[in-house]
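Paired with chain B in one complex and with chain C in the other, chain A is shared by the two complexes that follow.
Up next is the complex of A and B:
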């Protein structure tokens, strides 16, 4: 109980430090003293220190199962494995906001230390704008989501963590995703500061790119972990459902990707100033909107675990304040950063970047409208509609074809102007692509014309990207990420068109055939663990070559809270995943067995990892002067 | 002893999530496709296909019955929309209500293209 009080006080002191930092910075802009800068540094460190104390106190309360703390009581249980006691900290609203605050304050400190070579006023304004966000979040945590609320009398046992969150991939998913989200706050503050101080130029772009890359890489990683989790934990073999919460993580990703391309143009050519600023602001808005939509409980999502409408309203107000402030700043200081009126040639990297941004914004608008339209329609006409996969597929897939084609040629363009001469190699590329496409289509036995065209454009993209690796003076980080993206799209496409599935209700001892595999239900066992009991089925899968694989899908019944989950058994090979789940049927000895054959599944993860490697490579690569 | 406890647990759960539907070959391809396009109304963001709830399973029985009585896929959707509202189908369809839903993104695309074209075309005059 004393611990929780210390934790709360520590957060309160953190908030006070934020106010002091804010005041110091405002004063420092007017004066010219080095002394004050030291003070800012001291208080930023102090602020970070207080949040760390709060964080570790909550962590400790989770570890010793201190149920006098309401957050621990609501989300933990003494029988939970230690690993999930730790991750239970951010598996709930209060704790996850504390984590958010921790990343937020540590990033500010990191920014302040790493930006010593940049103009003083730019740094100070960045601190000011960032402190507005930090203060907003501090007040949000202390007022509506205090992780240190005390319970009395002290309960003897906690309520436990939602079992589908008790999973290694999901345990590390929030921290990774938050680094991505919170990184956008630095981008946002830095963009506003650059506006105010008239610093929107190529040097600013060069420094900001590092932050864009960090956010982008971590956000990609966070989305990957979430998808992997959905794949094997939600238990029906999909990895992306166009679920609102998934869309919300995809939206900042799309605008970050656009910003990443746009900022290179600003860096190299001093062009697209306003557009870079707008994208920086929009990206952060989308991150905050995401938090608002997830936390408010407005969305009907498979990922909704904890929500409270009053919190939603607070974030909504916060969001409006931020939008208002950035809008005003944009209007006032736009004239300070006049756009360069250089000519943009049609065949140039500048045009390629513009086209990339064009498609990114289109994809973003599809996802955004698809996610929020039903909410607005419900509010205005009180009619409920669902916007699901058919909507996204219809609006996205046809546009992917030109997108892939532009993406194939874009990186080969030079800055300013490309002198296009006809080369015989173009004919070879085309023929090679055509042959590979025909072979692929033959093996997939595809009739759908759209899929044929998609395969053609993707094969072309892959070939062109691979060729880029061999060129002199090439950007390997970009090549890696582009290759990863091409492979990702190919894997998703192949996976979608070749997956097969058989659902049967069978008894123990019976067997059935699915395509080329014979599946036999051999036996059923029961098992008891510390935090759940389970029924484990043993299945034998025999393929055409008489190779035998054993799979053990489970039905788990967790004790705290009492929830049944179906654990898929997956056999992963380089070429395909075999995926089996079992479910119970009432009053019978039958089990509902769902067997899926999912080719190229692992390549979806591998190619996303390649995308991430590309990002990481760009962060750590010192040599940055590509043609 | 341990086994008994598990059996009690099991029994509770079978009654809770199980369903009386139990043929050996439960669903045809068409039925699965329809189930994928329908929302499980009592779940959080799951389709009928993905859910094992009571509601989902009874919906599956309903779909099977309707197909057996000769109704087409779109007729089944229409019947369900009449009964439960547009909320149940994942495809928002084209109607007055959803006009903006389809139109706004397309507008973004057209506007974006126009802006880029103008920027490149206009910039020729600067030199």
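Up next is the complex of A and C:
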């Protein structure tokens, strides 16, 4: 109990430090005192220190199962494995916001330490704008979601963590995702500061790019972990459902990707100033909007913990303040950062970046409309609708073909002007692509013309990207990520057109046929564990070549809270995943069995990892003098 | 009247505007086709025209209504005022039980029979889809 009080106080002190930093900077920014920077540094460290204390106190409370703390009581249980006691900290609303604060303050400190070579005023303004966000989140935590609320009398046992969150991939998903999300706050603050101080130029772009890369890489990683989790834990056998909660992580990713390309143009050519600023602001807005939509309980999903309307309203107000402030700053200081009057030649890297950005913004708009429109319709007409995959597929897939083609040639363009000369190698590329496409289509036995064209453009993209690796003076980070992306799209496409599934309700001892496999339900066992008991089925899968695989899907019944989950049994090989889930229906002897054959599943994860490697490579790569 | 540059710029702005308006229109039109509306059994009974599009039906699974065979699951969704028979082929979520909230997606065969192809997974046994809650409260 005393611990929780210390935790709360330490967060309060953290807030006070933020106010001191904010006021100090605002009041002294015109004066040219040397002490100011030292003072800011001191208080930023202090602020970070206080958040760390709060974080560790909460962590400790989780570890010793201190149920006098309401957050611990609501989300933990003494029989829970230690690992999930730790991750239970951010498996709930209050704790996850504390984690958010921790990342937020540590990033500010990191920014302040790593930006010593940049203009003083720019740094100070970044501190000011960032502290507005920090203060906003501090008040949000303390006022609406205090992780240190005390319960009296002290309950003897906690309520436990939702079992579907008790999973390794999901345990590290929030921290990774948060680094991505919170990184955009630095981008945002830095963009506004650069605007105010007239520092929107290639040097700023060069320094900001690092932050864009960090956010982008971690966001990609966070989305990947979430997808993997959805794949094996939710038991639907898919990895992306166009669920609103997935969409709101995709939206900042799309705008970050646009920004990443656009900021390179600013870095190399000192062009697209306003656009870079707008993208920086939009990216952060989308991150906060995501938080708002999830936390307010408007969207229902595993991410929605306890719904509390006051939280939603607070974030909404906060969001409007930020939008308003950035809009005003943009209008006032736009003239300070005049766009260079350079003509953009149509065959140049600048054009390809612009085309990339147009596509990204289009994809972003589609996802945004699909996600937000049902909410508006509900508010206005109280008509309940949901927008499903067909909407996104119809609007996105046809545009992927030109997107892939532009992506194939874009990286080979030079800055300023590309001299296009006819080379015999173009013919080779074309023929090679055509042959490979025909072979692929033959193996997939595809009739759909759109899929054929998609395969063609993707094969072309892959070949062009691989060839880029061999060129001199090439950007390997970019090549890696582009190759990863091409492979990802190919794997998704192959997976989508060749997956098969069979769903049957059968008893033990029965069997059924799914395409080339014969699945036999052999036996059933029960198993008692500390925090759950489970029913484990044994399935034998025999394919045409008489190869036998055994799979053991589970139904787990957790004791705290009492929830049943299906644990999928997956046999992964390089070429395909076999995926089985079982479910009880109405305590009868019949089990609901779902068998899926999912080719190239593992390549979806591998190629996303390659994308991430590309990002990481770019962060750590010191020499960046690519053409 | 105007210089060449100004005219070019006007044409540029107009073409951009028309593209935006046109694309928003197309997007919304498409949205119209692909959205799935949520209905309660009562709303289905009372609707004057027949519903042919894909919809979601939500309510409670009626007590003793689930029957299972090798291919399909049969059950009844009720909002305590009206009910509808559901035939479902596919994976049932863990928390699909009698006297619990449920949302099924599919097409109506007629006003008494709903062919579902998806039952939406719920993550919490006490969780009630907001749509179901609302439609039950209205009773």
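The definition used in the following text is that the second predicted complex is superposed on the first by the 619 of 627 C-alpha atoms of A that agree within 3 Å, B and C clash if a C-alpha of one lies under 4 Å from a C-alpha of the other, contacts with A are read in each partner's own complex, and residues count from 1 in each chain.
Here, a residue touches a chain if its C-beta (ideal position, glycine included) is under 8 Å from a C-beta of that chain, and two chains touch if they have at least 3 such contacts.
All figures in this text were calculated on a predicted structure; none of them were measured in a lab.
J.: Determine, for the superposed arrangement built on chain A, whether chain B and chain C clash or fit.
T.: clash
J.: Touching A:164, do we find chain B (first), chain C (second), both, or neither?
T.: Only chain C is touched by A:164; chain B is not.
J.: When the two structures are overlaid on chain A, which partner does A:565 contact: first (chain B), second (chain C), both, or neither?
T.: Once the two structures are laid over each other on A, A:565 reaches chain C alone.
J.: Applying the touch criterion given at the start, work out whether A:351 contacts chain B, chain C, both or neither, answering first, second, both or neither.
T.: Once the two structures are laid over each other on A, A:351 reaches chain B alone.
J.: Please indicate which partner A:183 is in contact with in the superposed arrangement: first for chain B, second for chain C, both, or neither.
T.: In the superposition, A:183 touches no partner, neither chain B nor chain C.
J.: Report for A:615: first if it touches chain B alone, second if chain C alone, otherwise both or neither.
T.: Neither partner.
J.: Using the superposition described at the top, determine whether chain B or chain C touches more residues of chain A.
T.: B
J.: Touch test for A:226: chain B only (first), chain C only (second), both, or neither?
T.: In the superposition, A:226 touches no partner, neither chain B nor chain C.
J.: Considering only touches as defined above, state whether A:535 meets chain B (first), chain C (second), both or neither.
T.: first
J.: Report for A:54: first if it touches chain B alone, second if chain C alone, otherwise both or neither.
T.: Neither chain B nor chain C is touched by A:54.
J.: So, A:174: does it touch chain B (first), chain C (second), both, or neither?
T.: In the superposition, A:174 touches no partner, neither chain B nor chain C.
J.: Can you list the residues of chain A that meet both chain B and chain C?
T.: Comparing the two interfaces on chain A, one with chain B and one with chain C, the shared residues are 234, 236, 300-302, 365-366, 369-370, 373, 383-388, 390-391, 395, 503-506, 564, 566, 583, 585-586, 588, 590, 592.
J.: Give every residue of chain B touching chain A within the complex, in rising order.
T.: Contacts found on chain B: 2-3, 5-7, 9-10, 13-27, 32, 37, 39, 43-47, 49-50, 52, 85-92, 97-98, 100-102, 104-106, 108-109, 112-113, 116, 119-120, 123-124, 126-127.
J.: Using the touch definition from the top, list the residues of chain A that touch chain B in their complex.
T.: Interface residues on the chain A side: 234, 236, 238, 241, 243-244, 299-304, 341-346, 351, 354-355, 357-358, 361-362, 365-366, 369-370, 373, 377, 381, 383-391, 395, 399, 501, 503-506, 526, 528, 533, 535, 557, 564, 566, 583-588, 590, 592.
J.: In their complex, what parts of chain A are in touch with chain C?
T.: Of all residues in chain A, those touching chain C are 162, 164, 234-236, 300-302, 365-366, 369-370, 373-374, 383-388, 390-391, 394-395, 503-506, 555, 561-566, 581, 583, 585-586, 588, 590, 592, 594.
J.: Across the complex, what residues on chain C touch chain A?
T.: 27-28, 30-31, 34-38, 56, 66, 68-73, 89-98, 121, 123-125, 129-131
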